[in-house]
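One chain, chain A, appears in both complexes that follow, with chain B as partner in the first and chain C in the second.
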Partner chain A sequence: MRIGPVGFRIGSDWRAPVAALESLYAAYPKPAISDFTVRLFAARPWRRFLRPSVTIEGDFVLPEAAPLPLAQGLLAAEMGMNLQMALGQRHYLLLHASAVERDGRALLMTGLSGAGKSTLAALLAARGWRLMGDEFVLVDPETGLIHAFPRLVSLKNQAIGVVEAAWPEARFGPLMGGTPKGDIRHMVPDAAAVDAMHVPALPALLLFPGYGFAAENRAVPQSEVFVRLTQASTNYVALGERGFDALTRLVKAVPARAIDYPDTDSAIAQVEALWAAL
Partner chain B sequence: MGGAVSDGRLLARALRDPASVRTLDAAGWTDLIQIARAEQLIGTLAARLADQSRPADAARILADAAASIAQQRTAALWEAEMARRVLAPLGLPVVLLKGTAFLAAGLAAGMGRSVGDCDILVPRGALDTVEAALLGAGWEWVKPDPYDDAYYRRWMHELPPLIHRERDRMIDVHHTILPLTTRITPDADALIAASVPLDGRPSALRILSPNDMLCHAAAHLFADGDLAGGMRNLWDVHCLIAQFGVAGLTERAQHHGLWREVARAARLAHALYDTPIPARWRTWNVLDPLYRRRLTARDGWGRRTRSLTRFAFYARSHWLRMPPAMLARHLWIKWRKGKG
Partner chain C sequence: MARPESLRIVHLDSFTLLYHRESGITHLLTAPAPEILAALGEAGLNRTALAAKLAAHYDLADFDEAALAERLDELVAAGLVSAA
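Right, the complex of A and B next:
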């Protein structure tokens, strides 16, 4: 399947994870030649049938990646694809961030796990923004433009109910309980996101959301933005000078703000206000 | 796909005859890229296919690989320069080995080659001084296990690996090119004596003479290790022979006790990559097919295949490296540690 500009080939010892992917990614084109290969397999032959357990491998692997039960095969596939991007992507500067677009301009949201990147991106998409991605933002070092990578949106724990309520028409994958990150349910990006995924956008605003605090927002100085984004990038070092140039260009061009929010309504209101004030 | 093979031979054919990729369909391209990545030859493939017409996706993937390798090259050369600055005051000959040497000297074998660690060779008597200098300049040990550390110091051809604490790059300090436990003892003093400086500076880094580079590559391939990553090592052999020829190679290899290994490397490079070697070297050898089978044991999904063959070579690598009693003791200690 092709997600944004990147093609993946997924192979599995079992039918189920591939069937789940085929169903959820049905609207995505199939690449002729894949950038990355992900393999889901049984580390021992009997693990195919007896308490089946999915080991993740691919072109790029982390030695300590733990296998998952077959019921979480879809999650394993998504983790495998993320891993290939995180370790193997060398064309775009990769930022661990979500992005939505309006009028050709992109809003980027980055932060630690649990800050609400995915949730806010899904909620904004429900309000008519174009979803560009909830996990990785691709910065083109040549142009400075943001490229979409709209894989399935990974919603965790309370965020699942919040997004289901806000966007009942959206399509969701199976609810997977008891994963290493708690409950996970994937949301399929809407047709607008998939149809326009080859269209890049100019970065316009960068937000560092923080969940669980009283509503507040402050400007973030460029030096801090730079350091936080180097930490949010998986391939900044590997790209060398190209990575440095792409990142400094982004940091200089785009205003950055940290927003704290006690609930999602407050977050959305703050985002819309900041966007309107640009 | 074009052509029936989808193992390491698919990659060998593309490297040997870049024009052959014209017959590949999309599935063939995907397999080729996957195999090249798994064998760490993707940058070499990108360099070899630069002038060929390729599907847009393949061209983009190979261009990314080439850019990534160019960055690796910068980092590898910088790492060598860092080592040079630390070791220059010692006034010792410091010889770059393998990939870093190919890059530093601009050899054909360095075109698109991936380089991870920085490998250097220094006189054995200077090991302590070199180690102290590196430890004083930010390198640290990575083998905390006392058995491993003692094993390296007593039996290996290199110090336990050191990693630089800020740059996170590994340096392997060799004093010869094969473990001391192997039955072959190359002449390490002669390697250093015949080495060539990279430039006119008194503190210049050095590289091995071309024939010694070939002896080292063959020793690494066949007398040490289980041939994992062998396609890349054999590509090094191919490039070195194609660039420097084989004049004096037989005598030099015999001097190091490595003629059998060098001859096999030449035969296999010829078989896989069409390396120009003298007709009298192209003899039939009963084991060569097995070596070829091992070298190309990779499928179009990038998976290692032929587990029995691979295991046989793995077992062989230990057999070559250690006498039986020592091997038994080593495996016993490793097994107990594995359980604990």
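Right, the complex of A and C next:
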């Protein structure tokens, strides 16, 4: 399947995870050439018949890629795709961030796991923004433009109910309970996101959301933005000078704010207000 | 100092970002490190000449030779300055 500019080839010893991916990614085009291969295979030959578990393999392998129970094969496939991107992407500067677009301009949100970047991206998409991705933002070092990578949106724990309520028409994958990250349910990006995923956008605003605090926002100095984004990038060092140039260009061009929010309604209101003030 | 062609320098608010091509390392510097690098130039200077040049260019009210030596040692440790 092709997600944004990247082609993936997924193989599995098991039919179930591939069938789930085929169904959830049905609207995505098939690539002529795949950039990455993700293989899910039974951890031991006999495990296939006894107690199935799935191990993630690919062009790049991390030892921490622990086997997951077969029921979480879909999660394993998604993790495998993230892993391949994080370790192997050489063309784009990769930022661990979500992005939505409006009028050709992109809003980027980055932060630690649990900061709400996936949830906020899904909620903004429900309000008519174009979802560009909830996990990775691809920065083109040549143009400075943001390329979409709209894989399935990974919603965790309370975010699942919040997004289901906000966007009842959206398509969701199976609810997977008891994963290493708690409950996970994937949301399928809407047709607007998939149809336009080849269209890049000009980065216009960068937000660092923080959940669980009183509503507040502050400007973030460029030096702090730079340091935070090097930490949010999985391939900054690997890209060398191209990474340095891409990141300094982004940091100098795009205003950045940290926003704290006690609930998602407050977050969305703050985002819309900041966007309107640009 | 490292050869100018081996450095990419970008100024952000109170910090100076410095990408060192030879090592692939990004350095985040604050004053007085960028000023020391600029004063040293490509040819380099001894400590006395460096102190004199800095004093000529900047208002060094609280100049401290030991502190300058420490900053120089840090830049040597970072691979941006080589000791003669």
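Structural remarks
Keep this in mind: the second predicted complex is superposed on the first by the 278 of 278 C-alpha atoms of A that agree within 3 Å, B and C clash if a C-alpha of one lies under 4 Å from a C-alpha of the other, contacts with A are read in each partner's own complex, and residues count from 1 in each chain.
Methods note: a contact is a pair of C-beta atoms (placed from the backbone, for glycine too) under 8 Å apart; a residue touches a chain by one contact, two chains touch by 3 or more.
As the structure is a prediction and not an experimental result, all values here were calculated from the model.
In the superposition on chain A, A:A276 contacts neither chain B nor chain C. Of the two partner chains placed by superposition, A:A165 touches none, neither chain B nor chain C. By the touch criterion defined above, A:V227 lies against chain C but remains apart from chain B after alignment on the C-alpha atoms of chain A.
Residue contacts after overlaying the shared chain place A:R90 against chain B, while chain C stays out of touching range. Looking at the shared chain after the overlay, A:G240 reaches both chain B and chain C. Look at A:T248: by the touch rule set out above, it reaches chain C but stays clear of chain B. When the two complexes are laid over each other on chain A, chain A has residues 240-241 in contact with both chain B and chain C.
Interface of chain A with chain C (complex): residues 221-223, 226-227, 230, 237, 240-241, 244-245, 248, 251-252.
Chain C makes touch with chain A in their complex at residues 8, 10, 12-15, 17, 19, 21, 24, 26, 28.
Partner chain A is touched in their complex by these residues of chain B: 26, 29-30, 33-34, 37-38, 55, 57-58, 60-61, 64-65, 67-68, 71, 74-75, 301-303. Chain A contributes residues 7, 9, 11, 31-35, 37, 39, 58-59, 90-91, 238-242 to its touches with chain B in the complex.
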